[in-house]
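Shared between the two complexes below is subunit A, which has subunit B as its partner in the first and subunit C in the second.
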Partner chain A sequence: MSTVFYYAAIFTVSSMLVSMLSLSRSSSVRQSIPFFVSLAALLLSLTLTLFKMLNYLSAPSPIYTNLFHEDFLAYFFALTVLLVSLFVVLSSRNYMWGERNLAVYFSLLLFSTLGMVLLSFAADLLMIVVAWELMSIPTYVLAGLRKSDPFSNEASVKYFLLGAFSSGILLYAISLTYGLTGTTNLNAVLQNLQQLPNPLDPIAILMLALYIAGFGLKMSVVPFHMWIPDAYEGAPTTISAFLSAGTKKAGFVVAIRVFVVALPFLSVNWTTAFAILALATMTLGNIAALTQRSVSRMLAYSSIAQAGYLLIGFAVASGPAKTLGLIGVLFHVFNHAVMQSAAFLAVAAVDRAIGKVGLDSFASLWRRMPITALSLAVALLALAGIPPLNGFWSKLVLFTAAIQGDMAWLAVAAVLNSALSLGYYAWVIKRMYIDEPTGLGAQSKIREPTLISAVLLIATAITIVVGIYPSLIYDLAKAAVLAYQ
Partner chain B sequence: MDTPILSLLIFIPIVGAVVVYLLGRLRERLCEVASLTLTVVVLALSLYLYSSIFTSNQGASFTFIEGPYHWLGGFGVDYYLGVDGLSASLILISAFLSVLVVLGSWDLITEKKPIYYFLILLFEGSIIGVFCSLNLILFYVFWEIVLIPMFFFIGVWGGPRRKYAAMKFLIFTYVGSVIMLLGFILIYLFTAPNTFNIPELVGKIPFWVQLLATVATFVGFGVKLPVVPFHTWLPDAHVEAPAPISVFLAGLLLKMGGYGFIRVNLGLLADASRQYAWVFIIFGILTMFYGALVAMIQRDLKRMIALTSINHMGFVLLGSFAGISASTAQGAIYGISGAIFQMFNHAAAIGILFMLSGYIHEQAGTRNIDELKGLRSGMPKTALTLILGSLAGMSVPMYSSFLSEWMVILSAISVNTWYALAVLIPLLTVAYFLWMIKRTVLSPLPQHTHYHDLPNRAMFALLLYLVPLFLLLVFPSLILGVVDPLSSALFQAVGGGG
Partner chain C sequence: MILEPLVNYLFVSVVLFAIGVYGLVTKKNALRMLFAVEILINSANLNFVAFTRYLHPTSVTGQALAMFSISLAAAEAAVGLAIILAVFRLRKDVDVSEIKGLRG
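Now for the complex of A and B:
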């Protein structure tokens, strides 16, 4: 039976169960059981994914159906998003402790995770829309979970409006695709597009623009990034981690499926567009991040900038550097998921322990919360691309791909951006390790939330291990890309 | 090779750093003793390494090779180590300075000791890694790891403007490094065997790639050396860093720039270097003049020494590029060996001066040259050490620093008589050092001023810096025997000498 079915079964059953628990009268049941059920579901599906990946590596056996492509690319992304969900669920146990509607929270998280997993496998435009909505709609609610907090409300409304807009654009693009090719299956789209008399057909160009806009809103591509900082700042911080490390990555996997697989015939049109978008996204993200005074906003802009680096992989995807570029995208997607969730969850720990995430909370943090400070510092250095941490290697692959794909200017811009980004990453590190504590009681040690600390330590370990032994993930990414061609 | 001696040199300090940190959590004294022990072990190993290269006369080629072992398979990134004369001498000086820095830190560093010694050892391990990597990416990885301890050294243990200085240091050097990385990627992509391994790249890089890569590496190495337009981080970093860290900065971190120029520009990008050597030479002379003239007007003793360091490192740039563009093998050997010799001498000479400025600041409460008066009668032992150290800074013919500057100038003149301008530099240097000594040592002691003199142990540790300088004046072949074959090999590789 198809693997996708197992995922669907695990997540549907568990999230239904969790949401029914919200009806329970016992507050301990409402508080604890949803967490354990979600944890079990995630661990089960992670095990399934790893098992399938190992099987696949020993004997490649992709299964192609009309709706799903069960290939290594899909497993790779499924692994990444499941890991992020696991981090988020574990941290939520500490971060959301004592909040209302916990059962709803966990059940929505599971539904959204299922959406991301389905998206990794989806190979039909209609399936993509269904999975896309399954991923998105729960996150609109999750961003606004704190009903009485105006920031959370603002985040939710803004995110919902733009998210709905992006779904609309996406549907429009899909309808144009159907009009041009008469099918929604990605492989069939590829075949039919090759018979298109004129590759510069205005409808095809409009379709591309709409796809870029629709996916771009999730992938946080400039100029579709406006909602990101507000949403990440207002939403519960664990959800910010989920959005930036999880759902954004799902945007990238669909973009790979649609652009690289279905529309290579039109690549002349979209590669230049992606190169310009990559430049704009990383530059704007980094410059805006430099001026932020709140760490979560800074991380939001940094997340935008990182999307810019990822777009390099798309920009070179039609030339000789296609393979290397895609490997770079996959590698960086994994690394970014780990680094970014570590960074956001460290902020969540500070939020939980100190109660506010202004910059003052971070002054001399290493005395108060040594594990959190260390993990945040490692995550930020990795995001900046300092070796020997994982972020360095994937950036190296992406930059090399840019030069190989005759886009040396893009590599130069990316390298300068990388240097620029250290300005604000190092600034937070300086805040945590060098600045004197400010305010009363800012010297005292704080008990760090146990589970968040555990997650942070795991993420830091992955960051360092992949940094020292990059082949671990690089080879998987390479297998995923090579299996795809 | 049976024992992976280079890996040991790198990983004894790095792994030892964790042990030292844990010991320090138990008792602070333990981590001081443990780090001294570790650095002495590394010194012994590097002496063994050096002497075996010296006796077997293998300075020109890579020995003690480890690897290449695949690191990032299919991407040309290998774990590949090896040493030649250049690396061996720089590894030796790194190990030597690390021992002295640990000794010097016993008195001067009083807080957060475990993490301090952790970072010292991390720094030592990674800088040795820089000096023996034969893969450009491995080189880059170690190159960048060095930044992190230095950032914290300046930022946590530094002076009043430490935050500014630490950020400035980090951003300047990081920008330089990433531009250098672009150059490496360029070399990798456009050379026939797609590889980052230095020995396989020698002589295979097309000329246009060499030119572009030279621009990129000039920024990367130039920031570290530093070459004049990229130098502004250095005085700030030095002034704010604690004295032992200034020794690391000037003695080792700057050497990374010089090492990079000789290993990459002279070794890999040799044709471009030979053709455009005059650009580098002009930058070198500019750097020397700038360092000397600006040092002259400084009031802060430490800032003056920092600028002396810029002045001295200009000789490295001048020597290496005068050597590569020389017309005779003799001129080339004088230039390149002189540059390497100069790095060795500068590390020792600047080390004693920086440590002294740290002690003087601690005892007298100021480093302002105008306020330090009457050291001769106030703190005679300090005054004596200061004079001995200044003589090393001035490169008078009682230390080997005289020899290296002489070799460099000789080589420069052999290339173009106009480069004889460089003779003025030692003159300027002597002038401002003597003026400083006149104001601090030879002035009358103001009334009601009471200084504490140097403790004997500290004076002993300081004089240790001068030992190699004496020794190498008498036996310069101890270094030159190892680097001369390398210099002539580099020269022959660009088709010079016939």
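Now for the complex of A and C:
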């Protein structure tokens, strides 16, 4: 039996169960059981993934079916998104405590996670569309879960309109691929495209542009990033972590499958496009982040900037540095998922404990919430790429790939951008550790939410351990990239 | 020439696509934007069916994809209408340009 079937079974059964619990009369059932069921489902599927990965490392055995590729690349991404979901579910126990639709919340979270996992395995455009929607549609609702909060509503409606736009564009691009090649299987697309007389065929160029726009809306590439700050700021903060660290990463795995695996024949067209988009994305993200007054909005822009670094890997993906670039993408995807979810969840802890996330709430946070402040500081330093934290190594791999791929200008721009980004990351850290608090009662210690603190400590530990032994994840990423070449 | 009818279909589909993008970019009413998205998705469906009929008559993938995309569009519209309804209950208005509480 194929592994994908197991994931589908685990998540479908558990989220059906959870959604049925919302009908229960007992409020303790509605509040508690959904959390434990989701936790069990995620732990089970994480165990399954780790088990399969260990098996794969000792004896590589990729399974290719028409709809799914069960290779190491898929397992790597499945591991990343499941880890993010686990963080989010654990933190939601504290953050969403007392909300009315808790069972619905966990059920949608599980469905969206299943969509991301399926997306990591999908190798057919039909499957990609279905998994893409399964991932996206629940998150529209999750962003607007607080129905009486105008900000949550606004985030949801903006996210929904842009998200629906992206799936429409994606469908049109797929219809053009189907017209050109007569198939939707990515391997068959690869073979049939080679018979195309000319890679500069206008329909092929239109198709590429639509793919970039469709995926770019999820991956937060710059001309399509407008919804990101609003959605991340207005949505419940745990959902911002989920969107930024989870669904965005799923966008990257599909982009790897579609561009690098299926469309290398058209790479003349897309490498330059990705190089320019990488430059625009990281520069604009960093500059906009500098001017923000709200920490979650700043993190949203920083998340855009990080997508820019990831795009470097795509820009070099057809040249001599292809392998190194893709290893860099995978490595940074994992690291960014850990750092970004830690940063957002720390903000969620502050939101829950203090009630607002303006910069003032962070003044001398280390006295009030030491664990949260420490984890946020470590996550921000890792995002900025300070050695010896994990973000430094993955950025190093990406920038080296840019130099090897004859795009030294891109590497220089990325290094300058990293230096710029330290400006706003350090500002928050200064706020937490140096600034004196203003206002009454701002000195007193606050009880930190237990589970969020636990998640933050785990994420911090991963950040530091991977920073000291980068080969832990680097080797996995290398195995994943080498597996399908 | 055998491709002649296909070009007609593609022309209609491109026009629908353009209408969809135009509607999304210029309209301010969330409902109108939702309609624009539906038109966009239907232009892709037309493409799928036309390509199968004229270029790949032996394969059914195109029709299957069109069926999937119709049902996905329905799911999306259901969720979208619910979200727009929630916004309307709160503000008595669904004008997206008026919804700007979140600013940097």
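Following the convention adopted for this analysis, the second predicted complex is superposed on the first by the 485 of 485 C-alpha atoms of A that agree within 3 Å, B and C clash if a C-alpha of one lies under 4 Å from a C-alpha of the other, contacts with A are read in each partner's own complex, and residues count from 1 in each chain.
Throughout what follows, a contact is a pair of C-beta atoms (placed from the backbone, for glycine too) under 8 Å apart; a residue touches a chain by one contact, two chains touch by 3 or more.
Predicted, not measured: the structure shown is a model, and the values here were computed from it.
In the superposition on chain A, contact is made by A:K478 with subunit B only, not with subunit C.
Of the two partner chains placed by superposition, only subunit B is touched by A:W393; subunit C is not. Of the two partners subunit B and subunit C, more subunit A residues are in touch with C. Contacts of A:K147 after superposition: subunit C is touched, whereas subunit B is not reached.
Of the two partner chains placed by superposition, only subunit C is touched by A:L176; subunit B is not. In the superposition on chain A, contact of A:S156 is made with subunit C only, not with subunit B. Once chain A of one complex is fitted onto chain A of the other, the partner contacts of A:G168 are limited to subunit C, with no touch recorded for subunit B. By the touch criterion defined above, A:T49 reaches neither subunit B nor subunit C.
Residue ranges on subunit B touching subunit A, taken from their complex, read 70-75, 77, 137, 140-141, 144-145, 147-148, 151-152, 155-156, 162-163, 166-167, 170-171, 174-175, 178-179, 181-182, 185-186, 188-189.
For subunit A in complex with subunit C, the residues that touch the partner chain are 125-126, 129-130, 133, 137, 140-141, 144, 147-148, 150-151, 153-158, 160-161, 164-165, 167-169, 171-172, 174-176, 178-179, 182-184, 229-230, 233-234, 288, 291-294, 297. Residues 381, 384-388, 392-393, 396-397, 399-400, 403-404, 408, 411-412, 415-416, 418-419, 422-423, 426-427, 430, 433-435, 470-471, 474-475, 478 of subunit A are the ones that touch subunit B when the two sit in their complex.
Interface residues of subunit C, counted against subunit A in their complex, comprise 17, 20, 24, 30, 33-34, 37, 40-41, 43-45, 47-48, 51, 55-56, 59, 61-62, 64-65, 68-69, 72, 75-76, 79-80, 82-84, 86-87, 89-91, 96, 99-102, 104.
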